[in-house]
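In order of appearance the chains are A, B, C, D and E, and numbering begins at 1 in each one.
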């Protein structure tokens, strides 16, 4: 099964989905399930081939320029499997959502087009192909987002993504000018360590930041994820955002880091010191973590909250990858997996809720656990993983990342990383409490019911994997070790059930068992000593006052108000910056219009005189 | 300095003065008249530069027809204005 | 068949058509179709007029470059003509003269003859724009056009005084062999550059564009922004590659003009809230980009840039002006949701716009990538950066426009597009898509064109 | 103030242009043009296609271009194509004037004076004289200064005289149109005949005769007469359009 | 001298375009610019002591020193084109006057 065949399958089935979707909306969405499952399985089969030691090189379709080649590497396959898996899982949601959207057939088509783009980006050794599909994803995503709530999100998505893509393109061309070919590995190897390498590194990092929505290029992410259709949000957060991580790996790992001013900072181990580029990226990553966390804390919309959490997790990935080394790399890569699974699961769970209630605002929801217990469980597992609590996958990756940070002696970043962890306790718990726990709200009482089986299935699979990645991480880390080996690093030292870090050995299975026992005991106690009774929302004792707006009584509203007050003046710094930038462009345009475009010929004559004068000035 | 040169200088200076007047005069009719006179002087200029063909054409077209077109425009405008 | 017929026959038709005013528009459609059709049978080569060889007589040059240009311009002209022939019967004869003028512009190999055809085409253009019913804007266009062509003529005369010839190729070889530095020719070339800059909509000289295009109708919009822009682009390209010597201070001036045009054009389009203004300012930037690419020496890709733009602007202005006429104004707010009920028109509009932005799967992407690649290879790192940054801005305003046109819930504007228009628009959009994917012929012909675009030798 | 600044600006610019032209080594100073290094020398010597040797007025025959007036040779023969374009410019602008000013109900622009009988008769007589002069100039274009354009313009002037001298006068627009169309068509057809018979558009097919004779220079007198008629009718049409307006 | 005058006239034409906001004045300025341009073109072909480029019985052979005939030919074309644009401009001016009742651009307001 060749890569270009799979891409063609994705494109063709996209077109098929469009035409089927014109006939029957749901059927078109079913096509997306079949196609994306097929592609995921086929990509999975590539594992066998690559384990046999083959990297394959296709000289693709005849009429294309001869540089259109595809190549399967461990790194590409790692990302491809992960993202196609997310696509396949999310596609189960499509039939249930597609009818709500304005252009359902278009939705199905673009969904598969994005998938085709993903394959193209990850499974090529050619930069031009990579960029082509990078942009391809941008414009297919572009028309997917506004199917949700509004257009503005799509525009800022487009703005930042293209800025990122063009940075990537510029870097590609710098490498092309150096090597005369678009080969990815050759290009990166050639410029690595040279002056051009610095520019390439900066540009690629910019692209990665833009795609990951990292600080300071973060504005689009919460908007797009908050407003996009629910399945698309899951795909973005779990899948497409990882394009940024892929570019980050290329930039931060395959290129030699630049400068060494930070070398004196030292570390626990004598030999470790950091280059300026690593330090800058790590710092920005840390700022992303803090910013994302603080912003997530004050959200009322559960989707936006998770969007900010996605952003802050992107920060973790950046920190880990920028530090490099065995721990950093494996921590970063593992976090990519853990976060993809967790955020996809969480977004799907919220999507399931929003499907029956029509809202994702926490203040308008509550008590869904009574109607949607399975969804609740899925969400619970996902947020446990996100907060980095054992025995879920997120714990393993964060453990590795903490080790890497501490090992490099980066106190401030360590603080940021820990702050992010604690912060995520604060915020991921809120939707749990607000959406699922508490009293049932009267307006949703009748409509709400548990999601249908085909929606539960992907959520359950994702939850299972989240637990599995936490309990048996070595299976995945083994593959990650292959990836790291391919990138030229050394993998983690893995025992049968142990992971060896710098300052300790982790036994995830043991931890999980202990945890399991603890949960079991707690559950038994809960069953035996069940004393609580259900109380309706309005069934409160308010000292004789009437309650006019029941939302005000919702305890999740302004939950962290005292904490928020500490920083609420500064929440808009990045947004304001871009707003100002935009205003500058508009002002400039208006100014030029005002000065140059009138109905008087004198303007033209004036400039002609100035220009001729400028040329002849030297003659005087 | 022979006669030709003196004529040239006189014609040039006159032309420049007429051009300036044509541009700056307040009355449009006067402006057009200056233009016509300028055009006539340009004919002299063309003759001085040994281009009789151009001179004939400029005399007929430039100072004759163009001026009449200007005047007709002004006339019709005045009429519209009077209404 | 001699290429001179492309000029003579429309002229003849124009002269005859004033006797049969009622049928002028049929004659127009027939002649413009015939000239597209006749291109197939044209013999490549140099045509001397009156039997006098270059550089003494006037020559017309029909090489691959002008053949492509003629195909594009004549086809676009035919499309504009057939779509508007019933609505604008009055300008039938003038359109015929315009066709003759445009063909003459593209064919001529003589600099003064170029001026004459520039005036023929120019005056025809002024007259076509009178159908906007904005006499002041047309007047402004007329004055600026006249100043521009006067400057061109002044520059040309200076060159003639220095090198004693009017023929393009002869001029180029005289300049090259004269041994004088570039300082000698900088002033005349600047004048000629300005002269063409006025017509090609480069920024400090183009204040006429707003009055004309922002008030355009279905005839003038596509005509000025697409047909004329393409023709002027091709001719400018020929001068830039063959005749002009751009160095030193002149180069600085030209670079400033071009950077300013590109950047300010995109910024103005970004700041606009009317559809036609967005399109017109974007075409200002694109025109400057064409000049940049010609100056960098990538003729083939400049040609494709012109083609892509002309086709795109034809589609965009046709759709916009048809809708404007029915809706009363062209505010984006009024246009919101226009495509919800006109999906086919909308899809074509979208495809064409995405091509202009340069997104993959469309012709614009291929063109843009190759231009950037060539620039990088030739060691130019500044222009790609400018192009890419402005592309982001361009993308944002176009995408904003598209999303506004596609997504709206209720109160949809009611616009009917007639069916010929639909066909034209869909076919153009399909072609742009097909050549965006099937890139081999584009690539090859663009590479070939670089070699063809130079007029060989002195004595043709 | 603004005007003054503008004046200073153009003054400086003019000075700069003068200085730069003075400094320009390739640009010949006024009166020192070297015609022999320019293409026009070939037009003077008629050596574009073949070298006829010395050309003596009234003797040389069968030159590549027959007019004694070298400017005419260029305008109507060597660069005749430019002239076609030029005629087209005038044609399209007369069309344009008609488009812009032609309304439905036409009536004469009222002049403020009423010509008396003497003026009317006198102008009729003068009309004939001017018309004949115009035709003469056009026909002798290849021998003397002038030619089709001044000739045509003079024909138009005679019409103008009639317009001015007689406030009732209105020419027959249709007639002008016919003449204009005929002249233009004939011009292009002559060119096409050249293409068909000689292989070159606008080729001079007729015998050039003896330089300096009235019946010489092949098609040039014919072309010039056609141009004269065309220009005359076009400008008359323009004048007519300017002198009429939408009336009651 | 006439050449300098021609350049000066060109500049005056530009000056007129730069300062005048009356439509008729603008057309007058354009005409001045064109006259200047025509004078300049002819001056480029002028040869001191040359004769007009017409063979007559007095100047009867091509060995004489003629002034350059080509610029004259070009100017003929340029003059006629100038008339064309002027006529068109005036027709437009008439239209504008009918629409706005004035020749002053400033009094017409922005469109």
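FYI, contacts are C-beta pairs under 8 Å (C-beta built on N, C-alpha and C of every residue); 3 or more make two chains touch, one makes a residue touch a chain.
These figures come from a predicted structure and were not determined experimentally.
Student: What's the fewest number of moves from chain B to chain C, given that each move must go to a chain touching the current one?
Tutor: 2
Student: Let me spell it out: compute each chain's centre from its C-alpha atoms, then which one is farthest from chain B's centre?
Tutor: Result for the farthest chain: A.
Student: Measuring centre to centre, with centres taken as mean CA positions, what chain is farthest from chain D?
Tutor: A
Student: What chain is most central when centres are computed from CA atoms?
Tutor: That would be chain C.
Student: In terms of C-beta pairs in contact, which of A-C and B-D ranks higher?
Tutor: If we tally the contacting C-beta pairs, A-C comes out ahead.
Student: What's the distance between the Cα centroids of chain C and chain E, rounded to whole Å?
Tutor: For chain C versus chain E, the centre distance works out to 28 Å.
Student: Rounded to the nearest whole Å, what is the centre-to-centre distance of chain C and chain D, using the mean of the C-alpha atoms as each centre?
Tutor: About 32 Å separates the centre of chain C from that of chain D.
Student: Per the centroid of Cα atoms for each chain, what is the distance between chain A and chain B, given in Å?
Tutor: Taking the mean C-alpha position of each chain, the two centres sit 76 Å apart.
Student: Can you pull out the residues of chain B that are in contact with at least two other chains?
Tutor: 51-53, 57, 61, 65, 69, 72-73, 76
Student: Residues of chain D that touch two or more other chains: which are they?
Tutor: Touching at least two other chains: 3, 9-10, 13, 17, 20-21, 28, 33, 38-40, 43, 69, 71, 75, 79, 82, 85-86, 89, 92-93, 96, 100, 145, 147, 149, 235, 238, 242.
Student: On chain A, where are the residues touching two or more other chains?
Tutor: Residue numbers touching two or more other chains: 598-601, 605, 608-609, 612, 616.
Student: Mind listing each pair of touching chains for me?
Tutor: A-C, A-D, A-E, B-D, B-E, C-D, C-E, D-E
Student: Under the definition above, what is the set of chain B residues touching chain E in their complex?
Tutor: Per the stated touch rule, the residues are 5, 8-9, 11-13, 15-16, 19-20, 22-23, 28, 31-32, 35, 38-39, 42, 45-46, 48-54, 57-58, 61-62, 65-66, 69-70, 72-74, 76-77, 80-81.
Student: Okay, in this complex, where on chain C does chain E touch?
Tutor: Checking each residue of chain C against chain E gives 112, 116, 119, 123, 126-127, 130, 134-139, 142-143, 146-147, 150, 153-154, 157-158, 160-161, 166, 211, 215.
Student: Note which residues of chain E are touching chain B in the complex, please.
Tutor: Touch list, chain E to chain B: 1-2, 4-5, 8-9, 12-13, 15-16, 19-20, 22, 24-25, 27-29, 31-32, 35-36, 38-39, 42-43, 45-47, 50-54, 67, 71-73, 75-76, 79-80, 82-83, 86-87, 90, 93-94, 97-98, 101, 103.
Student: Quick one: in the complex, what on chain D touches chain B?
Tutor: 3, 69, 71-72, 75, 109-111, 137, 145-147, 149-150, 153-154, 156-157, 160, 235, 238-239, 242-243, 245
Student: Note which residues of chain A are touching chain C in the complex, please.
Tutor: The contact residues of chain A facing chain C are 63-65, 102, 128, 132-133, 135-136, 138-139, 142-143, 146, 151, 154-155, 158-159, 162-163, 166, 169-170, 173-174, 176-177, 585-590, 592-593, 596-601, 603-605, 607-608, 610-612, 614-616, 618.
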